[in-house]
Structure formats: C-alpha cells, structure tokens
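A, B, C and D label the chains in the order they appear, each numbered from 1.
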Amino acid sequence: MTRMTRRKAMTALACATAIGFSFASSAAVAAEPPIKIGYAVAKTGANATGAGITTIPNYQLWVKEVNQAGGLTMPDGKKRMIEVVEYDDRSSNEDLVRAIERLASQDKVDFILPPWGTGPNLAIAPLMDRFGYPQLAVTSVTDKAPEFAARWKRSYWMLGGGHDYAVGLANVLKAAKAAGTINNKIAMVSVADGFGIDLVKGARPAFKDAGFEVAYDKTYPLGTSDFAALMNEAKKSGADSFVAFSYPPDSFGMTKTAQSIGFNPKVFYVGVGGAFPIFPKVSDGKAEGVMSIGGVDASSPAIQDYFKRHTASAGAPPDSWASAITYASLQMLQQAVQRVGLDHAKLANEFSTSSFDTIIGPVKLKDNQLRDLWWVGQWQGNAFKGLDPAGKTGAVPAVIPKPTW
Amino acid sequence: MTTLILGLVLGGTYALLALGLTIQYGIARIMNLAYGEITLAAAFVLVFLFQAAGISPLAAILLVGPLGYAIGWALYAVMMRPLVARSGGGSRLEVDSILATFGLLFVIQGLLLMVFGSNFTSIAYLDQGISVFGVTVALNRLLAFAVCVIAGGALTLAISRSRWGLVMRAVALTPSSAPLVGIDVNRVARQAFALGSALAAIGGTSVAMYQTFSATDGVVFTMKALVIVIMGGVGNVPGVLVAGFALGLVETFVATMIDPGLTLAATFAIFLGVLLWRPQGIFGRRA
Amino acid sequence: MTMLHVTRARKSFGGLVAVNDVSFDVAGGEILGLLGPNGSGKTTLLNLISGALAPTAGRFVLNGQDMTGQRADIIARQGIARTFQLVRILPSLTLLENVMVPAAFGPARLWGEAVVSVAREALEQVGLSDRLSATAGDLTYLDQKRLELARALAARPRLLLLDEWLAGLNPTELRDGIALIQSLSTTGITIIMVEHIMEAVRALCPRCLVMNSGTLIADGPTQAVLSDRHVIAAYLGEVEHA
Amino acid sequence: MSRIALAVVTVVLLAAIPGYLSDYSLGLMIGLVTYVTLASAWALFSGHTRYVSLATVAFYGSGAYTVAVLNESLPYPLVLLCAGLIGFLLALIVGLSTLRLAGIYFVIFSFGLAELIRQLITWYEVNVTGTLGRYIFLDVTARGIYWQMLALAVFTIGLSAWIGRHRLGLALKVIGDDEMVAAHSGIDLSRTKLIAFTLSSTIITLAGAIASPRWTYVEPSLVFNPTVSFLTVIMALLGGANRLWGPLMGAVPLFLLFEWLSVSFPDTYPVILGLMFIAVVFLFPQGLLSSAEAFRNRLKGGTA
C-alpha cells in the first residue's frame, strides 16, 4: 500500500491566526514527539449525518483547542502536540473494523477515539479490548451497557440505555398527569430500528406503571418520509401526549406534519434530532415547548462557553444531547493523560475510578458507565434545557401544555 | 376519506419524482441511477437560493427547472452519447448506463457533501395546513401535487397530441427505425434526457419545501422513482401518474389500516409482484 | 412414412391471425419448400414447429410423438434443428464452441471427445474447419450463415428447418449453398425450407407449400404449385403493394 | 499440471501468511478475499449469462443475519450449514420466480429483493421477537475467518473452473449470448439458470455468514447495505466477468484502491471514486483482462 497521508492536526486548523499561533507554540515544545490520536468515523454513507453533527466537530474542536494551548500535558508537565490520524469508515462495519486494526497495528496510535453510533461502537469493542485500548463509547445508547462494560473491561458507556430515557419521560408525564394538565392517554410511534425498539420496549411498561394508556402504538420503517397518515391517526387517538422515538429526518418530518395539520398535543416529544441546533429552524421558529431526548444545563457558564466555542469552530452550535458529552469525554481523556500518561492500563484504571471536571460538571463513572445524564429535555427560550432528572443541577420545570404551533 | 386524500397527495409527490425518470429511461434509454442525486442537488440549490439570496422558492423553481435542463443536456452530450454510440442500439447500453450513472451518483453525492456538508437541511415554506374536503393537508404538499398534475397532464397531452410527442413516441418504440423517417434520434434522446433532468430538478425543489434531507438521501429518491416507473410502465407518462397515486394510496392505506411498519415492505412487495406478473407495467402494453 | 404431422395449426396475436388452421404432413427424407409473400406466416409456422412460439390451437406430432405446446429445448432434443431468418450466431463463442452446443445439448447429449469430433465434422461439412478457434462475431455474413447451418447439423437432427438460409447470397455463393443443401439430402435428413429464391426452390424441393395471409393456399409438386392461379395472384398482389 | 502445482503453492502460501501479518494487514486480506469470493461467485451466474444481479447483499446479509440469530443456540459448523441451507432455499424460491425476467427488469428486481428482505426481517423482529439488533459473540479469530474465507474463495474459483469445462459452463455462455439459440439447441433455460443462480447465491450467503463474526453487532440496516452489491458488480465487470480469473483481477486492485483512497483522501474520495468508476466504464468496456489480452495481441500480431 502506498504511504498514507496523515492529516496533521495543524493543517486542520481553520483560520490563519490559529495556524500562526500553533507554529509559535509548537516551536517551543519541538523537543517532544506528538501524541498520535486516531479515529475512524463515517464521512460518507448512512451514518455520515449523525457523525457530522455530533462526533466530528467535537473531535476537531478539542484537538484544535488542545494544540492551541501547546498540546496535551503529560504527568511530568511537558506538553505534547496531538497528531490526528483519521479514516472514513464509509458507514460500513467491515471497513470500520479494518480501520481500527490499521490504527492499532499499523499506525500504532496512542489513543483511539470511538466512532459514531451504537452498532459501530459494538463492532469495534472486541477489537479495542484485544488491543487494550480504552473505548470511551459516547454515542451508543444500549440497555446492555452493564453487560458490555463487564465483558470488555476497558469500555465505557456514556449515554445510558433506551430504558433510562423511557422512564425519564414517564416521570415527566406522570408529574403532569398528577397536576391535572394532561389526560392519561399517550400516542406513541417508534422507528423500526434497534434504537426505536429499545426505547419503545422500555416505554410500554414505564407508561403503564405511571398509569397511562397508550392509545396509539405503532412502528414505522426506517426511511419513511411521509408522516401524514401516522400523524392523523395520532391526532384522532385523543391523547394529550404525542411521543415519537424517532430518528432525525423523521423527527423533523413529524414536526412539520403536526404543524401543517394543526396537531397540537399538550406534550409533543420527538426522538433524536429534537435537540439538534437545526430544530428551531425546522419547526419554523416554533420549537418552544417541544420535548426530546437529552438536554443541557443551559444556565451553566461552562456549557454556554462551550456552545460559543463550538459555534465559532464548526459554524453551528452543538446538539444538546450527545455533543456536550462527547466533548466531556475528551476532557476526561485530557485529564487522565495529565494524571497517568498514555499507558492504556493506567488510563483505563483512571477512567474507571477517578472523577473528572468537565463542561457537564464533575464526572465520575459508575461501573464504567456515565449515569448522571439528562433523560428528557425541552425547548425553552432559545435553549434545549434538561427536565429530568428533576433533581439534577440546572433542571428546569416542564412547560405543559406546549404553546400551540 | 382522509386516507384517500392523504394518499392522493402523497401519490402526487411520488409521481412528480418519477416523471423525469420515466422519460429518461423510456425515451433516452438511459437507466439513470444518479437521478435521485440530481433531485437532491436541486433541493440544495433551492435552499441555497432561498437562504443566501432570499429568492422565493416558487421563483426558484423557474430558475432551477431550466438549469436542470441545461445540466441534463450537457450530461447527455458528454457522458451518455459515447455510450449510446458504442452500444449500437443493443442491450449493452442498459448495463453501461447503469454503471456509468452509478459512478455519477458518487460524484454528485461527494460534491454535495463537500459543498453543503453532511448536515440535515430544511426550510420552512408554505407548510401551513389547508383544508381539503375537511382533511388538513400541508400547502407545500398540495403544491407538489398541483405541479405534478400540471406537468404530468401537459406531458401526457404533448406526447399524445403534438408532433413533438409523436417523434418522442417513435423513438421510444423503435429507436432503430426512427432514423428511417428522418428523426434525429440523438437529438430527441438528448432532449428527453434533458427534460427528464429538468423534471428531476423540479421534483427536487418541491421535496425541499416539505422534507428534511441530507446529502446522502439521493438513493432513496431513485428507488422510489424507479418503483413507480416500473409499475407504471417504462416511458408511460399517464402510467407513472396512476402508479404514483396508487402507491401513495397503498402506503397511506397500509399505514392507517394495517401497520405503518409494513408500508415499505408493501411498496416493494407490490413492485416485485408487478415485475413478475406484468413486467411491462400495470398500464404498459404487452410487447 | 410420415415424419411430421401438423393438424389445424393456428396462431393469433391479439386480433391478428398469423397462422390460420394450417395442416400438412412431411415424409421422412423429404425436402419441402415453404413459400409465400412477406408476412404470410411462414416464419411464424416455423416458430410453431420449433417451439419458439406456443400455438393458439392445433396439433404437432413428430414421429408419432405429440409435441404440441412443448418448450423449444424439449423439441430440440426430439431432433428438430433450425436456422433463423436473421442469422443468429453466438458472437462471443468460438466457431467450435458454437457448433458444440447442439451436439452437447441436443438429442445425442454428447460430451468430451465425441462432442468435439461431431462439431468438427459439421464445420467441415460447411467448409469452416480451418478456423475452429476464431470468434464467431468476427465472421463475414456468409460465413455466419454457414456457421449457423453447421450448428444446426451438429444436432444431428431428424428434421431441419431452414428460414431463408439462402437469402442475401451472391450468385456464386448461392450455387455453393444449393450444392451444400443438396449434399445434405443424400444423408436422409428431412428439411423444411422457407425460401424466396425460386431457382433454389426448383433445384432442391420436389414439393412445396404456399401460404398467404396465414392460410395454406397450395400444397403439391413444385412445378404445379408455382403455376397455380392463386399462388400467382398472391405474389402479384404483393408486388402491387410494394 | 504445472498450473495446478502453481495454484496449490499459491494457496498454501496464502494460507500461511497470517502468521507474518499485522492485524491490519490480516484484516485487509480478509476484506480482499471476501470480495474475491463475492465477485467470483457473482460471476459464476451473472458473468456468463449477463443477468446483472444486484441481489448480492440480499444473500450476503441473510448469511450474516442467520449467524446472528443462531450463534448462541447452535455450534458454529451447524450455524454455517444452516446459513448455507437458507441461502440455497432463498435462491431456489427467488430463482424459480424471477429468472424468466430479462434485462433491466431482472436488475431492478434483484435490487428490490434486498430491500424487501430487509423490510420483512425488520418487521418480523420488531413485531414478533421484539428485538432489533443482534449480537454475535463467537470465538472465531480473524485468522479463522481468513482461512474459512480463503477456503471458500478457492472453492468458488475451483467450482467456476470446473463449470467452465463442464456442459453447464457452455450452456451458461450460450444463454448469455442468445437465449433463443440456447433453447433451440436443447438447453433447458430455467434449469440451467436456476442451478447457476443457486450455486452462486449459496456461496454468497456462506461468505456473509463467515464474515459476520467480525462485526459483533448486526442489524438489518447494517447487513443489507446495497453498496456491497454494487461493489461486487463493479469488481467483477472491471476484471471481466466472463473469465475465470476476471473477478479476482478486478477485486484485488479495486479493493486496494478503495482502501487507499479512503485512507488518503477521506474527504474527497467519493468524487474520485465516482470519476474512476465512469472512467472504467469508458476505458475498459470488456473488462481489464480482455483489454490486456487485446493489447497483447496487438503487440504480438502487429495488425488486428
């Protein structure tokens, strides 16, 4: 094979001033060899959109910031620049597996950042385990996280499971029902995909336990583009709450359809995509009151600052679900390296046992999982704010009923 | 009633998407796998014009349509013509055009990714509801439906009544003997391909109004269009209209009465069924 | 002894009746001419006999065996071989391979040495044995015609259907072609040939059938048939149209 | 004889290399051998008959999915056997119903088939089993996968070679050239096509089954990725689908090229890929092997 080109982090810098700055700083630390960090994410194919919104911009932002500050600090106080090796997995697990093998055995990178998505993270888990690399799996939602964390000792699962999100939503709705703002009927639709099924399986018992009747409960195939029939049925069901465990294009399509047919449930909840920065535009500026997965502590200065930096770097604000957590995972890496260096066993131990200070607040993993997450969020003002768990710092009370479109 | 109207409106958007493909494949004999990408490119251009230049999407259609025509013309002249010449009218053209346009698919998708990024794109335009016989339908869908009916109706008329249509039909039926009566097959095929591209672009602009899309969605459009074209009978404009409406009705019906999870399966099952029992299309004539 | 027995054969396409209740017999070893103006249904009749088309009605019996409505490959294995009006060779195969095909899949179902020697023999019969490994697509028109005949012969057929095999040849080639078919007749093969070239018909076929608009209008010794009033009218009618 | 000896030595060498390769190179070899298998198996049916099938992934994915469903309840060899059987039955059903379609209709049908199977499996999983996304936890190492895939590739090419000398091979070629002549020469069209299609599809299903343990997690949308079908077609056509070694000659350079492009130009490679694709169609209409042969003949003969 021909020699590969490394996309050095320096060349990835966006603006000229930044380049100048990094030259200056890299000259100062020229003696230290760079740290090689590799990742393989989808730049083309079905996963490219998700990776392009949540994963890649955060990797780029973090690398840029670290290198502008002179690099990663090692335990001995010396700084080493980051050199990035990146591959496109073409949204194919076969290519992804090969790329990880390449990163580990050919490029011998110091650390591998995870790909986007539940399937891809699972596909590389056995490999990462075999090579001994810690895997900070952020963008994978799975109820089996405890099982996986036990199976692959150096894997960390940081976005919870479908069950968690379903229960969180049930809590929010239960409170609203108790307050008498909504009736006991729910219209629920879900995408026929691993993600939608996980959530809907958690939601059915959770809603039942909370005393709800699921008046409409249907699954639609991945790739559906027209929701008129579905939304009309949901509207006719008489439910005050509309819940969709959906993917971004579907979440958007349903929102638009609800608006055009004048479907105004008191609770309007969509799945992935609801917390995307594009959502207010999709909803024609009427995102207020829409609920979705995730959320951020909008009052936190760290988060506000992160939103600003992300906007400056990527040209768009981050999504309000997995983006901040992705960035936080990189901060964990940064701090762990500073404490114990690049040894994989030591890093793994550090991730499992220590706590870290990140933009989402102090983070300490429990059984290799991040459990302190926002399960439900809502658009209020111009931000997507966390609702549940209600006791979490920064939680806001839910606005129910949602203002009409 | 609701099912009927929703199904018809959905069917209209489907049929609009398929109109161009049936002309490209039926008359120019090019199986254009990059059809969806052309649709998508037009959608991106519309959004760009709307957001950057503030041009109203309705006006933009008037711009994008001719642009699609020009691009289709150029594509045919540069890329397809040598393949057509090489095949000498044989069946090789089908395989060659599939392969070449598959490459084109990558090129356009790659360019879209580079220029517009991988993000979801969406504009809100005319998406307020409007009541049609008591059923609320989005205005932009209705617009697509109207464009479809007008374009489809005009095409049907033009092809069945005008001299130009006669020439088109002659080329579609027997490209080998059309030159005998003085028809420049190459010119007609180029016109048809360009017209198909223009229709694809118009379809794309209407998609941009009602749907969120990203740069990797093109294949979805191609497949949908293909299903409809095959069902309606290749090159058969009224057939495409009816097949599009039928598909919209079936999907809506299945989603309402049976299970939304089976809509796509139903689409493909019908499609495969049609292929097996009437490969010339529901409305095609037996060869 | 009757080799082929056709009873009230009929083929209609939609409203158009291409073959209209045609009945005739062919005796073993006979060379039968099938004449008629263009579009009179001759080729369709051949297609019905060879199984390329399924008849709308009628019966076809080959050597006492009913073959009505059978698939073409089964009929071929019963010993009927044919050439096509527009010559159909297998362009990407070599000459030898072309000719091996019916020997391998036809009535004899030969393979190995046997199939090659049969194929060589057939190519020799038509005078192409010096170019066994040439690609068939590269042949001239006449050689393609020869190849097609060799292919039909390699099936070792009991009944050979020739569809205007002599058409498009120049006078010298025509003489060679007629001689070739004549040499075949000595092997005892039965032939039905659709032909427009009267010279060839007179030289080769003791008996003729004439069709017009799907109907059999004459059946008898060639000389008598050709001077029949109806036959002349049919041909003259065609001239007027042209 | 020396040819066979050469082939044996090559296979032995190929079987021995995993010991000397890095994990990545081994992964690369697995991918390479997988596509050689797919392209050769595809050409087994489509190469000679010229029925361009885009159903490759329908079978490949079915194989992978079978392993995902059965890997916890049956021993591995039995799982493979089941996968092969399912591929065989599926091919039989599909073949019986579709092989009378010609030309573009067959192409499109085969494409729709993969989508239909994917939709049906999804619907079944969602509504009947209530899970979507299955895990494959098998103790099959990368080397194990490589050896199995290599064996399958050798078997496929061997089978193609054998068919090429057998009457089935001749029958397929004739069908590819002219079905009318084929029928009139006594070839049973449907039976011949069905046999070749079933053989080819069963091998493809097995390839999917063998490759699947590398992915750990399997979902219909992941395993029924239409790109696999397209790549297979392109590789076989590039090399020359009607030659024994054509698919291999197409798969090896294209696979390496894809890998190189995606590694070196992660951002622009779709455009480059597309352009090359078009170039291949224009420059090597008959496949690399034929073009190479024509070139050699020109050098040798001087005049054509």
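Keep in mind that, in the parts below, a residue touches a chain if its C-beta (ideal position, glycine included) is under 8 Å from a C-beta of that chain, and two chains touch if they have at least 3 such contacts.
The shown structure was predicted, so the numbers you read here are calculated from the model rather than taken from an experiment.
Taking the mean of all protein Cα atoms as the centre, the chain whose own Cα mean lies nearest is D. Using CA-based centroids throughout, the chain positioned farthest away from subunit D is C. Distance between subunit A and subunit D, defined via averaged C-alpha coordinates, is recorded as 36 Å. Once the centre of each chain is set as its mean CA position, subunit B and subunit C turn out to be 47 Å apart.
Mean C-alpha position of subunit B lies 31 Å from that of subunit D. Distance between chain centres (mean CA atoms), subunit C to subunit D: 42 Å. Counting partner chains per residue, subunit B has residues 109-110, 113, 259, 261-262, 264-265 touching two or more of them.
Annotation for subunit C: no residues touch 2 or more other chains.
The set of subunit D residues that touch two or more partner chains comprises 119, 122-123, 126-127, 267, 269-270. Under the contact rule defined at the top, the touching pairs of chains are A-B, A-D, B-D, C-D. The touching residues of subunit C, when paired with subunit D in their complex, are 50-52, 71-73, 76-77, 81-82, 84, 88-93, 97, 100-102, 104-107, 109, 111, 151, 155. Contact residues on subunit B toward subunit D in their complex (touch as defined above): 31, 79, 82-83, 86, 91, 94-96, 98-100, 102-111, 113-114, 219, 223, 226-227, 230, 259, 261-262, 264-265, 268-269, 271-272, 275-276, 279. Put simply, subunit D touches subunit A in their complex at residues 22-28, 30-31, 34, 119, 122-123, 125-127, 130-133, 135, 211, 214-217, 219, 221-222, 225, 227, 256, 259-260, 262-264, 266-267, 269-270.
The touching residues of subunit B, when paired with subunit A in their complex, are 2-3, 6-7, 9-10, 13, 109-110, 113, 117-120, 122-124, 127-129, 135-141, 210-217, 220, 251-252, 255-256, 259-265. By the touch criterion stated above, subunit A contacts subunit D in their complex at residues 1-2, 4-5, 7, 43-46, 86-88, 90-95, 97-98, 101-102, 104-106, 118-119, 122-123, 125-126, 131, 192-194, 196-198, 201, 219, 221-222.
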